[in-house]
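First the structure, in the form of structure tokens, and then the observations on it.
Letters A, B, C, D and E name the chains as they come in the text, with residue numbers starting at 1 for each one.
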């Protein structure tokens, strides 16, 4: 598959030049995000996030399986990220690109390693059976800011998700179907989110939030900060690129906190709305009715 | 749809009464139509059927994002690399590169040929296009030997590269219309240069392949023009809407 | 979540691909992107025609054998509709992303499933066609598809259009049929236990849904107002969707 | 190529331009009364004889070798034991519940068919590569059909804690789960394990129409499958099998697949309007060459075991030549095929 | 990670049937060899089983008298000679690529679809055995694929407890592979200096630990109490050359001639195989 073509010299030169005059091609402020929208699907655990032209879809699922031998008391939690040719024909199926690897690693660090999901609660029968919770991240449209958007999607999907209810009687595990028992939410501890800064100019003096795909191709360095609304930092990733002044980074993180608070509020709001919708006989009731006849 | 210009889908039958039947001139089929011998004329895309009895021609008016090179189209292309006798250029993403011979420039000879860096934007004309071959471009009119406006646009090295903006193919076509305001309903460029825009100074090169280059002394102006174009295209603005948009942008970006 | 819910569609939802469509019907929600004609890889480059590639991606988990099967069904159908001869040596790539699909409340669904998923096929066909149209890929015809299940309920036999997973499970036979806009039978998939007679009835039902509105004369579809819309009229739906798209594109005329 | 002026030796002609060659063969019939013949000398409606024999693979519990002309496929069925503790979503059977039977087979993955083409069975299938789209498609179709036809009853695959239980159950197989459960309740006899059937298909030689051959092989193999009688050994807390006692698998019905491909006069029928222009032929049981020249194909699976013809599956794709009438008519062709195959299976 | 290109079985691993040996004690005692020590089992060879291949052959070695002991069933197809892919480097002679795979149902333990080391070993040995026989420089810049499916491995099914005898089974398998491949090559019309064939001989101990070991040809592990050593030999009769020798096991240091006698027996075995091979080819020519 032909590689993604580099942006033209003219664009590269112009983007940098314009930024020095605090100008962005879409007229945004340097620290301004594109409008971020979040919607949920009919089924539990489907979150759809749009950030400008970027669109990321996350779907959470749970299966009963055998725990890892070395961690008999833990459930399994995986985040699968694959950039399909839908993102761009340059991406091939089963051919992970750098973009993909970086994205999944950042999500891994931010959501999984920060213990956002209590994996011990996923254990059903020690050493024998446990829940395997899986989030599939689909990048439907890529115009920069993947990490930030994807992270919101993952967290949203997991918090929206309901897994089948279970019971233990006489040492025998029973997994109930949704028809028998209403599914139950995961035990969720905190909601870490990502904020990515991009740096431009000879010595990366211009810091920009939520870079577009074009800007990302031109930037000299980038740094992703993951933290929750309580200001607890889960990880900071500055993978190579121009060296950036430590003080600048500190300022970045403090701004990041503001943004994360905004995102968290949006998340809570949308979740509440969705819950309301379902309570007054939304989708599930409809389905139930339809199944009973 | 009640107009004489019905909307058709691929494979639908076109009412014979709509097919212009000029005594002398042969029937000319434009884009989106195919002729199945003996007499069937069938649309291949979804769009509006336009007929021109005077020219005895008919075609389908539709908008798309993938550029298919056609001879004598003006396009904005990007140099990928140089071979021994030609530049390989990108017309649209993920497609096979088109060739731009080193000698297809005004006054170019074996000795004096323009040296273009990979990534440089070039305004060119499609000289040769055919489904079995990669397209060939030129930056000089074969007739006059003059460049008449074709060639590399902007000079990134000198920090005056200007910038390219993506628009839909339909919008690019409208921009290129001789009387784009009257026929294509786009006046945004005139407005920017005119009183609505407070007489901004800029130059443009509109490529049929859906890329528009904008150059100006002031980066601010370039951004302004670029946004104006893109928002007009995406928002599907009418002339009045464009006027309002231009006014708004100028205000915002002062 | 049955035929009562009318299909919904939005075109050009993916700004970065040549054509795209988001389609939801009977509980299924899919997004399709179309890119092409673009440069084909050596291995699937044909000297005289475009290679049509179809990729189906499940909402959860990695695709398995059954996705490959769905792909091959779609591929062979779409290649019939697209004028592949127009673009030799090139590639037309259709990617279908399943976003949401109704679940059967009576079983705990597994991630990887090998058995065919009939109920989703119509949605796949519909979405692919819409995306191709929005990309302006030249085609010789459009197509519409639907799924019908034959359910035996206390002695009586009834046909269920766009069956839910539950109905599929309990049905005595499930059928998927796709018709070209010239009323040609493009795709016919059936599974279960049935007779020729039953299939014939299914054919009738499906045709009623897929080919109701007659191929448009003077371009404008004959919208039969007197006829009450009993079931969804897929062809009419396709047409109205495209009409609004074209109208939007050509607002300036 | 096909200009009559050039004189080419037939094989070369076939190599250079197969499509005109086959076309010529089909049309060359001097007088229209004589039926058209294909390159392989068969009539359009003529199938290759199918030979099925129970192969004697001693490591498989059931096996078969099916020959369809030059297409040869070998099928081995092997049972392995799956203790219920290892079934993630296991539900004790006596609880009843919906979709039992078929549900168990599917939810616990008790049937595992796989098709291997990459055995050098044809030049295009070289080994060491992952299964091609074709192989995967075939596996899926076999899997789907296995479940939809319900050929294998789940009762045959259950292993009960009470040794006696197992013996009787099979006698009343088909008598339905109903009684099964009651018994389960009163003796609190429970399912301790399941047999998982690995159904592996190996193409020894490939010359077109893989599905018909593969499916026939599966059916033949299942019909000669007998699993050792298994019982629960409380001391060793495991399932043990008897060397001497075997139990034949009860296979319900005899579904037979019948495939035909459509050969169109025009390559990729340059069709404009609805009805396909130009003539087309329905080639029954297509071989390798014909498959490469045909885009449209239909497969119908029928079972005439209990008198009337029941259709188990239809798969028609890749074109519009086969319409309602042809599908209807094809049922009779399939019936004929069924009788042939039934004969071969005896 | 389950193979997404195949239909995978249940998530929880399945167990091959475990037999209650108590019920049938008589089978536990090792069966005794039914043939004289220097005779091989009957083998059946047929060419042209895969018409679409340039050459192919099928080999079956008679299941020996004792019940439940399976024979060896091999199917081999040869594709080529064909020009090497453009990417491949220039080669002055033909490039052999051998591929040996057990069918999932070929052995006691169900085989996976991915080749395991033992199967790769077989491929390498086979390649060595054939390279010596083919007139390689007759086809520069070309390659030939030799693919063997072991439909049934030479293995005793009844002895549910493995006495680590796979390696001896592999010996027999290799012997068969060499013979069947030679037949397929001949069927494909690829010139060889001579028809190569494989044979196996083993040093066995039948009467207890301290009995005198004897050398036998074409051993069946289950027929012997203990196999001390074995060798598989690919041999060109008319040239009296050995193209591949695979020796395994340990010989008592007391007797040096044992080794040579073992090899000789191996050669004798391969000669027997060769007779069948030549006979089969002669038939096809007529």
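In the analysis below, contacts are C-beta pairs under 8 Å (C-beta built on N, C-alpha and C of every residue); 3 or more make two chains touch, one makes a residue touch a chain.
By chain, with names taken from UniProt: A, D = Ribosomal protein S5 domain 2-type protein; E = 3' exoribonuclease family, domain 1-domain-containing protein.
If you're wondering where the values come from, they're calculated on a predicted model, not measured in any experiment.
Any chain touching chain A that also touches chain E appears here: C, D. C-beta contact counts were set side by side for B-C and D-E; D-E has more.
Taking the mean of C-alpha positions as each chain's centre, the chain lying farthest from the centre of chain E is B. In this view the innermost chain, defined by its CA centroid being closest to the centroid of all protein CA atoms, is C.
Taking each chain's centre as the average of its CA atoms, chain C and chain E sit 52 Å apart. Taking the mean of the C-alpha atoms as each chain's centre, chain C and chain D sit 27 Å apart. The centroid of the Cα atoms in chain B and the matching centroid in chain E are 69 Å apart.
Between the Cα centres of chain A and chain C there is a gap of 30 Å. Among the residues of chain E, those in touch with two or more other chains are 5-8, 11-12.
Under the contact definition stated at the top, the residues of chain A that touch 2 or more other chains are 1-2, 63-66, 89, 175.
Looking at chain C, residues 17, 35, 38-39, 62, 65, 68, 106-108, 110, 114, 140-141, 180, 182 sit in touch with two or more other chains. Chain C meets chain D in the complex at residues 49, 65-66, 68-69, 71-73, 76-77, 79-80, 84-85, 106-108, 110, 114-116, 140-141, 169, 175, 180, 182-196, 199-200, 203. Residues 89, 98-99, 103, 106-107, 133-134, 136-137, 139-141, 143-145, 147-149, 268, 270-276, 295-296, 298, 308-320, 322-324, 327-328, 331 of chain D are the ones that touch chain C when the two sit in their complex.
Those residues of chain B that touch chain C in the complex are listed here as 1-2, 5-15, 17-18, 32, 34, 42, 44-49, 61-66, 68, 93-96, 131-132, 170, 174, 184-186, 236, 238. By the touch criterion stated above, chain D contacts chain E in their complex at residues 57-60, 63, 70, 72, 74, 76-83, 85-88, 108-110, 112-114, 116, 119-123, 126-128, 130-131, 136, 139-140, 143, 196, 198, 200, 202, 204-207, 228, 230, 233, 238-244, 288.
Those residues of chain D lying in contact with chain A across their complex are 85-86, 88-89, 91-92.
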